[in-house]
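Residue numbering begins at 1 within each chain, and the chains themselves are lettered A, B, C, D and E in the order written.
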Amino acid sequence: MSFKMEEKIISKDDLLKLCGDVIAKGHTLLAPGIAEYEQVKDVSQIRLDSSALPTKTSYKSYVFPKAEPILYYKRSKSDVQLIDVDVNGKKIVVLGAKPCDTNSINILKHLFNWDYEDEFFNLRQKHFVIIGLMCSSFDEYCFCTSVGSSPVSEEGSDLFLIPINEDKFALRIITEKGKEFIEPYSEFLKDGDEAKSNAVLESIKKPEVAFDSKQVHEWLGDNFENPKWEGIGNVCLSCAQCAFVCPVCHCFDLVDEDYSYSEGRRMKNWDGCQFGHFTLHASGHNPRDIQSKRYRQRVNHKFRYYVDKFGEILCTGCGRCSRGCPVSIDIKEIVSNCKD
Amino acid sequence: MSKQKWEPKIVAFVCNWCTYAGADLAGTSRLKYPANTKIIRVMCSGGIDPVFILKAFERGADGVLVSGCHPNDCHYNAGNFHARRRWDLFHKLLDFVGIEKDRLQFSWISASEGKKFADVITKVTKDIIALGPFKTYQDMNAEFTTVFPEFAEAGNKEIAYEEEMTNG
Amino acid sequence: MDELRNYARELLEKEEVAAVIGYQQVTEKRTKPIVITDPAETSRLVFNEYCLNNLAVYLTKARIRSLMRTKDKTMKLAIVAKPCDVHSIVALIQENQIHRNDVHIISFNCHGVVKDFGCDFNGDNLAAKCIKCETHKPLYFDKIFGEEKQTPKAGDASLEKINELEKLNSKERFEFFKSEFDKCIKCYACRAVCPLCYCQRCITDKAIPRWIESSSHQRGNFSWNIVRAFHLSGRCTGCGECDRACPMDIPLSLINRRMAMEVKDLFSFVSGRSLETPTLVGNFDKKDSDEIFM
Amino acid sequence: MKIGVFICHCGENISRTVDCPRVAHFAEGLPGVEYSIDYKYMCSDPGQKLIKDAIREHKLDAIVVGSCSPNMHERTFRNAAVSAGINPFLVEIANLREHCSWVHDDVEAATEKAIELVRMAIEKVKRDKPLTKIRVPVTKRVLVIGGGIAGIQAALDIANAGYEVVLVEREPSIGGHMSQLSETFPTLDCSQCILTPRMVEVYQHPKIKLLTYSEVVKVEGFIGNFKATIKKKARHINEDLCSGCGLCITKCPTKKKSYNSFEENLAFRPAVYVPFPQAVPNIPVIDETVCMYYKNGKCGMCVKVCDRGAIDFEQKDTMLVADIGAIIVATGYKLYNIEKATPESKYKGYGEYGYGKYRDVIDGLQFERIASASGPTAGEIKRPSDGKEPKKIVFIQCVGSRDPSKGISYCSKICCMYTAKQAMLYKHKVHDGEAYVFYMDIRAGGKMYDEFVRRAIEEDHVKYIRGRVSKIHEENGKYIVKGEDTIAGMPVEIDADMVVLATAMIPQDNAPKLAQTIGIPYDKHGFYNEAHPKLRPVESTTAGVFLAGACQSPKDIPESVAMASATASKAIILFASDTLEREPVVAKVNEDLCAGCFYCKKVCPFGAIEVRDIKDVNGIIYKEVAYINQGVCQGCGTCTATCLSKSIELAGFNNEEIFAEIAAL
Amino acid sequence: MKPLTGGNMRFGYYPGCSQISSAKEYDLSLKKVIGNLGVSLDELDDWSCCGATSGHVTNHKLANGLAMRNIMLADHQGLDNIVAPCAACYNRLILSQYETFNHPEIKSEIEELLSTKFEKDIGIFNVLELFMKIGLGKIVENRKRELSNLNVACYYGCLLVRPADITKFDDAEEPTSMERIVEATGAKTVDWNHKVECCGAAHSIARRDIVVDLSKKIIDDAIAHGANVMVVACPMCHTNLDMRQRTMKKVYPGHKEFPVLYLTELVGLSLGMNEKELGIDLHYIDFKYDDNIIKNTVA
């Protein structure tokens, strides 16, 4: 993409006015709340706090819902009639997306357009506008810097906010989509000073790099049978919390759900690779029968297979999975140990 | 679909030995009761799983009746005693999560109580009519309405279609 | 702490137990579970106000159970358990998930734990289960450590919430639970952490017939949460792990607690308190209430 | 799967309110339905032929019949299906008559409902699995519990047919209540004279194993294959050595320490005793609770006098286990305790009658003993308090029975007759005495019964007063009986010397416990329930367990004997073949998914669920799962609903089938 | 009837018309004794007639309405129970409440009449139950003297324990609870025949002749069984058995005066109170506890 970044300044009040307008137009406006990205009904809800830790979940579900129907069917005496689901994309604006979330849709895009173009995903993705916000804090679970990102990464954002002072933001227009979105509001924008905001970005303290993703990639290739894997699953309880809060985990299950004796629909539901029956075959055999194999799969998928296939790490380093794990399993710690 | 007068849909889970036979007796006695209730026969009230009730609500039932042999009269000695404990708990649970108590009713009807069967069905039907359609539960079909209204519409279209079929 | 470590090491060294399930420190205000088979590792064992997890859940996990079986015999598992976790172990014993002789309970005089990792231990941060706790000394144990200490006082917010909900009408309660359950993403963390959800195949994973809609839409979420609560009625020991595990902050233990209150009221039964009392499920009393039956 | 749907008009019974052709037409359009038709009488020969032909012609896999209740013709249609080559369990009945046409008036609504009922049946039959009947072997031995007249009769009938009987009696002797009676109505035969020969016959019969002073403590298994555990209580007398000479009894110094229960506590008995002189077996029992030896280790008089060395103070209770094919329960009755109620008593007592407070207010069985030639007064009518002959005696009927306010609503059935008999016996013995009977109604249905009551009134001049007694109190040695004569409309007061209360028959105290041991249902009073009040009156609902005598409801002697013979023939019918066939509606565990919590085992009313160990390659148990004994399971499905992991399915009513029915609503 | 929770010793008090007129001494002694045992009675505010007049035979709705009005007051005043010392009041209140809660049509009728909703089941206690709830141990503990020279005939009358299915308290035909209370005072009780016989209360005014005959029989039976005093727990009974003895003397020459006390008075005596305090001096038949035989107990 050859779009040239533009640096602007917007006051906090104007930004909120802009948001009010987005809501008034009937678009969906998402902003980080306490646990999740919440739908903003009133601009007073908005807290643009760059020092907040990531929300418990990402906004993944707005582009890849936790459960969605993909077709309807109706059985009659001798055949089955299929009825398409009519998806009309609706504009969704994410305000204040964390840099560890902004790139998630770009990562997911590969998967949903690899052999079959997922019209549901693509349509929603097309209508997504992401306004990123620089991140100024981290905790022991954050490791964005280890997976090639950073708290100040603009990647994936259409627009990017950098707090200059109490009531002013530098607003960077990153993509064409971003420009298109912000154009009607040009009255709010003043020209900005790139150097000044760069200084802000540089002053931010960033998490230390915990591992070298290239080395991890390599080690994983050689160590599928490494005894280190054994016992890793001892304490894991096989829930899918880690996958479901992950901004880029994308496994899904197709389920036929009957309404009645003759009608129903086919659902696409989230699935998680740590579930005991995730890869259970119809024969009764399960190639990943024990937890350590499942955890190995999780790490390999994120740091090796996805990289091999699409050239990107399937992880944004947000640390949500570790933060929320009921038994405190830390993926950073495990991946850091993926070395001899 | 032309809007007809709403008729409640009621399911009765009954045991084979007492209530089913009681319903038979109501028939042989030519007692009259509303036609809204359909019976599903199981062997014993002890064999009715609470999930059956949830399923029935999911499938559009507006009310459910569970009925078995009187205590001490169970064909299997104790099935209904286990059922009683189970239903007491389940009823309390549904009450707490906000499902009106009369949506799910219980009775003991013996093989000789044809009259009671007819009376109970009449009462349950009356109660359910008073409560109206179980929209609170059925409306949950219209999921995703918040972000993706299109699904709700599509879903409801299908449900309307189903009703048309049912109405012959 | 040393007492605990030495005791655990001896158990392992003398081959009295196959493994010790306990807690290890992660950060100053966070611990995590550890399963120890090597006596040397016992030095990592801790016990403090940050030992939130109910480790009883591990007693039924296949991977842990496989540690018990050697070539020629079955060995015990040792477990570090808070007095409230002992309730779960009692319930598991009553449900035949482990025999009393197969578990070596190392317990503590407990004065409460924090509600979440990272908090300071005081009345404001006391875990909900500790507020209403009546068992500061374990009811069953094979070894006990620790001094009896006073539990900080705190208000019972969950009871207040229950009372508040009871005052609402059916419709309002339904709306409350519908919106809470709507948040559910069916990650089943609540099931995974629950010591009493030990089924090899949960009914929600059964496809023929489909007991519970696996989709995480309102209806599927509603039936999952109802069935979960019902299956735990009269069994739940109130450890509150489900609340803690839920990434969506659904107040799951609210229903569990309300049902436990109901069970106590109707049947004077509290789960996991005695190995001798017959379980609520699976037994009946001819004098059980007939109130709801016409 | 090809399904055939057959809608019966039942003449006009169904078609009057259900549009049968429309139902059939609707069914035809449903997924999976190959063939659908309506017909006037589906159960008739041509109707059945229509079904059979359609099965063959359209190669149907399963059928749904919309007709009357399955209780009427399920078997008919299953047989028709079988003869056309379909498994009988792939037949479903939609109940369009009893549950639809007969109970609704509106044709439109009834037709709609019929359509839904048929649709539900179609969805169920799609999931039905072919099942085969289960065959189990039969042990040809009967356990008779209770050695009263019913038990004796049943045992003799079965033994005479050539099968073995184990007869278990709780008391030291068989004979039951009948052996306590003086004379029997309406013939006034001497009870013992007709009973004792039968008791001896039992004792001597080679096919009968008699276990007295014994109790059934455990019953496992199922029809044809029960296993009964019987506790033989220690008599402290070696039965093989005892010759029944009775010397120990006459020499026993502890004569007045315990009441004689056979004499209804009107006399004492020694510490070593036989209940009555004609007891069978004639072997005494030592009552540990009063025997001096057990008090202080001294005495031992009986040991000294017994020249056969039969006294064995060290004897312990023993347990016997027997394989049994059928069980006859004949545990009889007891009399309602009419004393003032205590907080624990199940029924309200009759404080106003003063039983237990006034010694001359007695119950029916006590009067039998007083009137009996072998009783404590040697047949002379004397009152217990002072031994004087009562000149005025009042009998009160329905004490406890037919009185819902005291807890018993039923009629005790025999009291009208025995009161008439007792009044008559009194008049025969005390010629100048006056006998009054307070009654509510006279229920004397039976051969020569009413004539008998008339005789008491007309020939023996017993004064019958219709009304209830409100109060009895003592004044100067007389019992003032205050009542009402409802025919005269006047209060009555009688100063009687003695009052006899015709108290209700109620079940034995431990009747519910025994019912739980065997696994049979009982009513709120504790009487055992028959399988069907009209058509299966001597069978319990548990296959292979039969009921004889007053344990089922109050009965007189001829009825008990008739019932006993009926149970005997039921047992003999069972033994006519070597194996048994039973319905395959049984539960089965999926062992892979079973979590082994054994809630199913706790709820199973039949003890059909066992623990099965699953072992690893080293032979070490790593999992315990439930296993259901198909022979024992009766198919209630309580386990399936209790099972948390849903690892149990009930064949014929499995969860998938029920879900399909719900979905078809 | 709801059991009281442990420790809750708060009782509502419905005096009824007799307590403030013909049976003042009953009211007086009840309050004294209960207070002495450390229990308080909260008198219903604005209480009215219980309906035990001819009302309940002529107009069912009126009778129920009157009784339920008082029960409504108890509910509104936050009381869980009512003590009704008069057996007739007790009977009316407990019966009306039973009918109201067991017959929906009566319930809606009465609710409409009183414009209220009845949800709470109020416990209705007579004085016997009150003592039982307080616990006989309390009497024994606080006993100042042992009335061991008294042979007491306990007279229940017709309404105190009837109808048994509704009062669910003691045996209707052979009650013994009053005996247990009396024995707690150290007095002896006699076993006699007429403890639940009719005293003729319903005819107290109109047919004094019947009353005199019936009451005479009761007193004679008590004397015949060795009683030297009778104890009652109902103002109606007391009127007939105490006051009517004056007429009795005229009709049955040779009738000897026989003292009849309220149960509360007897308990009061054992708690060390004197006749005047308890209002015994207001009786027609004099009773004076003979101090010469008083044995001081442990105190």
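Please note the rule applied: contacts are C-beta pairs under 8 Å (C-beta built on N, C-alpha and C of every residue); 3 or more make two chains touch, one makes a residue touch a chain.
For clarity, every value in this text was computed on a predicted model and none was experimentally measured.
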{"item": "Topological distance between chain B and chain C, in contact steps", "value": "1"}
{"item": "Each chain counted as touching chain B and chain E at once", "value": "D"}
{"item": "Intersection of the contact lists for chain C and chain E", "value": "D"}
{"item": "Per-chain CA centroid nearest to the all-protein CA mean", "value": "B"}
{"item": "Chain whose average C-alpha position is farthest from chain E's own", "value": "A"}
{"item": "Result of counting contacting C-beta pairs for A-D and C-D, higher pair", "value": "C-D"}
{"item": "Cα-centroid distance, chain A relative to chain D, in whole angstrom", "value": "70"}
{"item": "Between chain E and chain D, distance of the C-alpha-averaged centres to the nearest whole Å", "value": "47"}
{"item": "Interchain centroid distance [CA atoms averaged], chain A/chain C, Å", "value": "32"}
{"item": "Distance between the centres, which are taken as Cα means, of chain D and chain B, whole angstrom", "value": "35"}
{"item": "Residues of chain A touching at least two other chains", "value": "67, 258, 260, 262"}
{"item": "Sequence positions of chain C contacting 2 or more other chains", "value": "201, 203, 210-211, 213, 217, 281-283"}
{"item": "Residues of chain E engaged with two or more neighbouring chains", "value": "none"}
{"item": "Chain C-touching residues of chain B, taken from the complex the two chains share", "value": "50-51, 54, 58, 71-72, 78, 81-82, 84-101, 105-108, 120, 123, 136-137, 140-141, 143-144"}
{"item": "Chain D partner contacts - residues on chain E that touch it in the complex", "value": "164-165, 171-175, 193-194"}
{"item": "For the chain A and chain D complex, residues of the former touching the latter", "value": "75-78, 258, 260-262, 284"}
{"item": "Touching residues on chain A, where the partner in the complex is chain C", "value": "35-36, 56-57, 61, 66-67, 140, 231, 233-235, 237-241, 243-245, 253, 255, 257-258, 267, 269-270, 272, 275, 277, 290-291, 324, 326-330"}
{"item": "Residues on chain D engaged by chain A in the complex (per definition of touch)", "value": "28-33, 119, 123, 592, 660, 663-665"}
